[in-house]
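Submitted below is the structure of interest, expressed as structure tokens.
As written, the chains take the letters A, B and C, and residue 1 is the first residue of each chain.
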Amino acid sequence: MTTTGSEPDADRGPSLRPTLPGSSYTDRATFDAEAEHILEARWFCAVACADVAEPGMFRTVDVGRESVIVTRSREGAVTAFLNVCRHRGARLCVETEGQVRRTFRCPYHAWSYDLEGRLVGAPHLPRMRDVRKEDLGLVTVAVREWLGYVWVCLADEPPSFDETVVDVVAGRLGDPAAVDRYGIENLVRGKRISYEVRANWKLVVENFMECYHCATIHPELTGVLPEFAQGWAAQYYVGHGARMGDRVGGFTVDGSAGHERLPGIDDDQDRRYFAVTVLPQVFLNLVPDHVIVHRMFPTGPDRTVVECDWLFEPGVIESGVDVSGSVELFDRVNRQDFDACERCQHGMASRAYAGGGVLVPTEHHIEQFHTWVRTMLGEIATLPGVADVSYEDWNGGAA
Amino acid sequence: MTTTGSEPDADRGPSLRPTLPGSSYTDRATFDAEAEHILEARWFCAVACADVAEPGMFRTVDVGRESVIVTRSREGAVTAFLNVCRHRGARLCVETEGQVRRTFRCPYHAWSYDLEGRLVGAPHLPRMRDVRKEDLGLVTVAVREWLGYVWVCLADEPPSFDETVVDVVAGRLGDPAAVDRYGIENLVRGKRISYEVRANWKLVVENFMECYHCATIHPELTGVLPEFAQGWAAQYYVGHGARMGDRVGGFTVDGSAGHERLPGIDDDQDRRYFAVTVLPQVFLNLVPDHVIVHRMFPTGPDRTVVECDWLFEPGVIESGVDVSGSVELFDRVNRQDFDACERCQHGMASRAYAGGGVLVPTEHHIEQFHTWVRTMLGEIATLPGVADVSYEDWNGGAA
Amino acid sequence: MTTTGSEPDADRGPSLRPTLPGSSYTDRATFDAEAEHILEARWFCAVACADVAEPGMFRTVDVGRESVIVTRSREGAVTAFLNVCRHRGARLCVETEGQVRRTFRCPYHAWSYDLEGRLVGAPHLPRMRDVRKEDLGLVTVAVREWLGYVWVCLADEPPSFDETVVDVVAGRLGDPAAVDRYGIENLVRGKRISYEVRANWKLVVENFMECYHCATIHPELTGVLPEFAQGWAAQYYVGHGARMGDRVGGFTVDGSAGHERLPGIDDDQDRRYFAVTVLPQVFLNLVPDHVIVHRMFPTGPDRTVVECDWLFEPGVIESGVDVSGSVELFDRVNRQDFDACERCQHGMASRAYAGGGVLVPTEHHIEQFHTWVRTMLGEIATLPGVADVSYEDWNGGAA
């Protein structure tokens, strides 16, 4: 077995840059390391605030290898805990959503925890005088609310939310106030679609980061955003949003008109599409009349659940107007992308990809993602200042 | 990620005792070690004698990682063998039950073995004069019949059946003759239900050993046995049986009358429920008018098949009287228990349970089970006399 | 647990020879080593030439752990490649068959390769002047056409096709011209059946190599070929074909007449069945009026897909005459064999087979297969000349 020419690795010219090796996408040990050092260590966008709007409303989500309960206390603060009773390890909530009144009560032995995770009761507890209830609270998880979502971090010492989330969005958009103008936290969900993707989560990130594939697989998207057909990931440039085609009415599957532009955005944001990637698992898509948020939930080396929300002005949803033209555009884009990711997953175990593939110039910025992953895994030493710089410099992707 | 207080481990008071670590319930290597040193090394309750009542009747069962054929010879003795032809390794019986006339004949090359496992014929065998047939018998497995069941042991040198099985039951009931009075070997099966439990077998044992959960999940059982609502595992005390409530008519799902009391039991056994655990995989439930026998067949770190038999006086079954009120009580208890075990299985892999959980005073005796497991696995040295004492002291559990 | 006599290993007489140990059939690591050193290193019979008859027609097949595209160039030469785009690793073809016009175009980023695997185009490629297209062709695989099939080899330096394939067939049939007389490359497929066998591929080879099981499981086959009931693998003897019974009309399920004898065969080949095994994965069955070809595709330690083709004279197929009597005979044989292989697979993991089983005299030649496997895996040193001799001496099997 030989290639039709000599091997390209050693004397590769500047046009092509290397990718990660194929095993990075198939090994269980690599996935476990990524779960530990990335998914369970960084800020992770877990649930929509609207899903835990009232005290006692809860959602359970998988963050890396852990099940996490996200809820809201009676004082109105979001709280989150590992979904494991401290007594004998039972999963407290097997439901993915629901509402409790004041406590989570383990269905096995009735140990009860309040909405802040404190042990507040258990059979025989009054007779166990040496037991300090404060030692037996649920394992709590750091939380933040931003952009209408609850972000959690399972690390003992979470990294700075501002530096690793807020500044990334601001850096990409070129203006700390830019994202605020969309008023995302006030939008209402018009549609949620959950996709089960049979591919490694990094393939999904890489796909979102580059537009070299857009001309090939995204006819509807390039119809609306003609510059995407050129293959340049528009969002690689700070502050740049891809402009809609002159005859395009809106960000819809057929380019017909969408809805009223969001009230807060300025003229520079109108008729443009901005995409932001917040590592490790959020894609933010900003268009004039709605916002699309992707959250990835990696569940194994070759499985990723992607939950995608389409958010609109409250008035749009209340009016009952049809939003399916808006939804269908990115639903098609998603299916096109995830099919491509699944094709790649098949090839990752081949000897032909053991040393990885190549990145063309319109994909070179993906190497920064790979460097970030390797830095998180400790494969690359973090030089003082350098990692932060490269991370902050790194500014997103686009479908 | 932090708990809401300091860690409880180091300075824990006397009320709480530690459990096994979570990995003990999820690791494949641990399961394989348990299969080798426990399931395939101790006496294992395999099949009901009634299922192999006549010569040539057979059942195949999974004992640890092995398939075992249990049958009965023409002289009437129970025999058991590994279900593997000595020639090329074919499984002799793929059926789970059946009856042969005089031999098990391998369906591949027609090697034939008699009901005691001896090679009695094979094509071309007469011409192979140097072959000693006695070298090529099936791999036999030690057997004992007791309480109407066939117990097998795959160890080369089985432990004492009396010490590890009979004495355990006698020790729990406080009287070697107590179990005999139920005449279990003469009872007839009124119902068998097989449960596929998605949980480690040790969680099922632990569940059966303690009653701290009874008030929470077993309304029907505590209705019939009010003292179970207190949470004390009645059978932790030698000779103690839980007393039925004063207005309870029988051990039925609604407390209505059951059947005539078994003829052999004495007045101290009437209106009481005795439970016995025989490690590693048998639960015996004795009530005045019937007996319930659970046999566990662990099939993986997170899978256990539990086969449960309800046994009645022959006259009850022959009369065609409805036994569903009796059956439904423990069928509900089983489903309640196994649901709890499956909840726990989910939590075993969490970092919140990496160091295990805690046992409250009404569960402290579970630590003896954990010590027994660890001793079997060689993790704890067996001091002269000590292991036997702790094992003999260890006396069962209760749903 | 003891056998009913002493162990047979040390002082075994000449009648019984040892097999491979059970773990050889169950371990993932062993399977991976076999994939690397056998399936992906030897000549592998991949697809029928008829399935890639025209330029651009393609089939994808699994060879060991790799997906391979087999196609035909516009000049008419068969070509084959690993099914992996050199850019980002996407599987080029997810279809198992089809036809392209001039190129394989990756559906992800539109990199295009011609029918000889050369990169001929990609978006932006003209602007990447330092990229040498000749470095980025598909990974090519060695190919040969013989007996109407395309054989591929994934090794960097393939072994001699003549020595490891052609000479094996000639050696078994005792005459280099014998196989040619069947004119297999001119026959037409009357039927293809694909079997999913839940057994290790070596069990399928061993089954095909010996006839000790024929009397037990193949009533139809021994009805047509009475000498098979004696258990001797006829094809173990160079040049020998099993003779049809005197009253048998043809190689059909009920012995009724088949079709006209193939025009090229001679009288010594008439009314005889010749079987040839070409390691690692081809079984060739030659009868007077048709040819049956088995190709195995091992997909895991306990899974093998077997594709079986029944080939007839073009006139037979064109006439529309019923060939089901011919097809049904070997279809039944296949099902009987694969059922036996699956029974064996169950036993491979048992402690009763940890040291393997035994081969009787009519199976002794299977030991040569085992030696060949172990030599390929490097477990046995290859002495100068010895391995070739033993391989060339090794001459096939029979169902």
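Worth a mention:
Here is the rule we use: contacts are C-beta pairs under 8 Å (C-beta built on N, C-alpha and C of every residue); 3 or more make two chains touch, one makes a residue touch a chain.
Everything numeric in this text was worked out from a predicted model, so none of it was measured.
Residues touching across the subunit B-subunit C interface largely differ between the two copies, under half of the numbers being common to both.
Seen as a C-alpha superposition, subunit A sits on subunit C after a turn of 120°, to the nearest 5.
The distance from the centre of subunit B to the centre of subunit C, each centre being the mean of the chain's C-alpha atoms, comes to 47 Å. Shared interface positions of subunit A, i.e. residues touching 2 or more other chains, are not present. By the touch criterion stated above, subunit C contacts subunit A in their complex at residues 65-67, 82-91, 94, 107-110, 116-118, 122-124, 127-132, 134-142, 153-156.
Contact residues on subunit C toward subunit B in their complex (touch as defined above): 1-8, 13-16, 19, 22, 206, 212-213, 215-217, 231, 340, 343-344, 346-353, 356-362.
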